[in-house]
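I'd like to ask you about the structure that follows.
Chains here go by letter, A, B, C and D, matching the order in which they are written, and residues are numbered from 1 within each.
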């Protein structure tokens, strides 16, 4: 499709898109395994070189994608087995996770827009310890090792007048955490991945991705501490879905002039910008998956205490 | 497009869709006028016969559509001039609006899903008087004529386990209002109409329309009192948008087999069901337009006092 | 204190207050037992006669009070062991609980006032089944016996213009449940009972009690179905607390003229009306205890399936 | 009353309390005037010396108190005339308010606790301009002078694990505003002042005051920029109210031993700590007064543009 940009926040989808053209992309390694007990398929995409990063449209780093079809269905509670997977994969990506650390968890997104409220809602259920440890010492928890967990909901620029990166940077400099965990709602290319895929990456957050695009870079380079990003795709870009539908059609109808179509698309679908597509039960889904994510972080933080 | 159903809650769009095929549809009258001061274009579609109703896919009755491009833009406040228009058009459709009445305003939709929260948010700003008038008499407001305004937010079936129509019917029978005003978020066919069009109709609410489809009929027939519905389109059906995009393409590419396309669409786009498309600033837009609607009702209720 | 009325919604406190004067009140029986595993003290006050009801200021019926000191403390989750107790005591009070039933759960109170939001928040976590059973039959749950659970949040009169009792009565008549469970925040006399006491009664809700006093009677007499009320005291009446403090002082200072004091109190403390007292962490407490209550109901509804 | 500390955030009340003992306190000047048009009584307490500050329990600075009895009553809207007063008094206290400035408005308090949500709710209605001016220049507003307004809701320590002062300091250092405006719910001593008094001071926020006590100092000294605090008393400390009630009684009954009473109070009323008293309609009141405050700031920011 040439230079028409398909928008996805999932490295998994970016790679699928690319491998069609170039099935042996250098600098990108992929590992897959299946966690049978939890029915979770884990795909680890490692982008090793700058060239590969450019081809993928994603920075160098590790992207762990967990496909958990069960997550979108209600169980009795919130899928604790998936939280357990999140905890384990998360700890593999946090540098120094075997030591006691101070961890700041940032919930990106807009609480007032259901599909964009994953980050803020996940923050609501975290087990916050930093203020207790600092006031009463570790004795408060009767453990030898206790992480100091704090959280921040920076809000969106339309309400704050500030870039998310400005707020996060200020708070990081003032409170000096050892590591950042950033939670955000993502955009997928495929409807099938909505709300049942979790991506954990050690590359942080780059400008131009996410539902509301409400921030600049939150990365090791910009903040000076490792940044682990946890995301779940909750929306599909409207332009992407229309483009995909057209593309399928075009593939079958060879007589159509693709160039003409692409240019028409770029002018004709301008009104689709700033639109997104999401499911009708998004409120119940976000409530549930945000709890799965926050419990994943809670479990990870406790596991390190031992 | 034959029997492929384009989904819209706007009578205006239903008519546009039909008039392409049959420009002189019998049993449908259309009046248009422009309110220059408020920059609002008013279109009144009157469906007079059952045959016309069937062709339009909308019940017999009057549909007033107000196109107010300004509504989507923030002004200093909430576009009081549009509220004034709403009040005037609303009073024309309420039977007996010159007399003192008891009016129950029902806010349909799901407060937890931003694009579906128009009804609940509009309810929040209503001036409620019924309980005061019943306890202290009209003297409480120092007026000769006072309407008794009450409100109800029935919630959605997934949370209540009850049809909206069951809840509303029970409350109507117990509290015996003279008229119902029902507020709901609608689905439009065209993105250009989102959040800047208001439809007021005296046909009430029919099953199968609206964002979440969260109710059975709320009509004079089912409830025994006149039901005026006020709606603003806040979403576009995902399947509709893809279908429209394809249709435009097909019009230009005559060699494509439309029948083949339609059948493919019906099977291929099943995953688009239960998806909808909306704008990224939907939180700010709903907050503003819900206030415009509730002020419209507040003004109408006061105007009748004179 | 003669006719000065001490306000409490707890039968337990009403009895304590009375037994000081008359330790063998006829027509009132009290049973106590201790659930060691859960550290819950259960007191069952049975008011058997109209005379006793008059003396107690509570209608004839059974009042089960569970004192659970742990409830106010966070545990890992929400005190499932207390939910289990609630389920068991609840089932003892529901007539016909061994059969399949249709149960409407009503969350009283004002979601916008933290201390009064117990009912609405408890509703949020209920497992709602009525609409599923009615559409798909019991087969949907793969059980032989399934209760039909529905829920209603009627809201407060200042927002609806209707008495809570009007709304509930209309919905009960339309949907014909077998039994009502009503959840409400209560006022206690003693600060020590706040947020750690649960009262379950088969007398329903009487006018004049509760935080916001937002309703008329919800009883078997008024609605035609059994009404079980579950309440947790979340506030203390401001006038009650001042009166109690003064009373203690007066007991020690015999030379004070009680009559003079009481009359002064009635005029001087008028400004305390419509005030209540609550804790600073009321948001976290309500979030937790509302979950404990809703899980109690969820467990009870499942237990009956067996 | 010796060393028993009466808790109030209002300098006006602190002075009343003191002047009983010492009617000519040195280092404290008081000016009063009445704004007839708006029915607002303005009292300006100037604490000029450290000795006076110690006696008053408030830091050196200017405290403007506006008593606006109308504020607690609904009018058609939100009492724009009081917002106008707030704007004028606010500008008198902001250094350099005649020039274009960058202003960060901080909403303190807990959105989840109704009586403590004044700050967060006031933030919701601010007109935010900083991001627009920085991206598009002043031309975006078609004015010669435009202030850059940003806002921050830091949240409470129990949820963030961080002191409010840490968050605010980080953001101030990163975004370098010229002045801070901090909005917070206050505790009054007298019920009569609740929700109808506005205090504006140039001393910022000191530890130990406010409803939830959720912060360290936010002052010129700690942050390096002038800090103007706007507060409205929404609660009365529970211990204060009981103590006041007892005090009144004791004044009339001279035979009581005050010393004995005070010591008893300090032990006996420990359970009143962390309790506060507020009105039953606090949700509607906070919604209204927070709007009055935010409009006051909006008007002030515009006035400076001319």
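Heads up, the rule we're going with is that contacts are C-beta pairs under 8 Å (C-beta built on N, C-alpha and C of every residue); 3 or more make two chains touch, one makes a residue touch a chain.
Just so it is clear, the model here is predicted, and its values are computed rather than measured.
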Exercise for the section: Please give the intersection of the contact partners of subunit A with those of subunit D. Expected result: none
Completion exercise
Here the gap between subunit A and subunit B, centre to centre from mean Cα coordinates and rounded to Å, is 36
Problem - Distance from subunit D to subunit B - Cα centre to Cα centre, in angstrom - result: 43
Exercise for the section: Two or more other chains in contact with one residue: find those residues in subunit C. Expected result: 158
Exercise for the section: Answer with line, ring, star, complete or other to describe the graph linking chains that touch. Expected result: ring
Problem - subunit C - residues contacting subunit D, complex - result: 110, 112-115, 158, 191-192, 211-212, 236, 238, 241-242, 245-246, 248-249, 253, 255-256, 261, 268-269, 271-272, 274-284
Exercise for the section: Give every residue of subunit B touching subunit C within the complex, in rising order. Expected result: 123-124, 128-132, 148-153, 155, 157-163, 166-167, 169-175
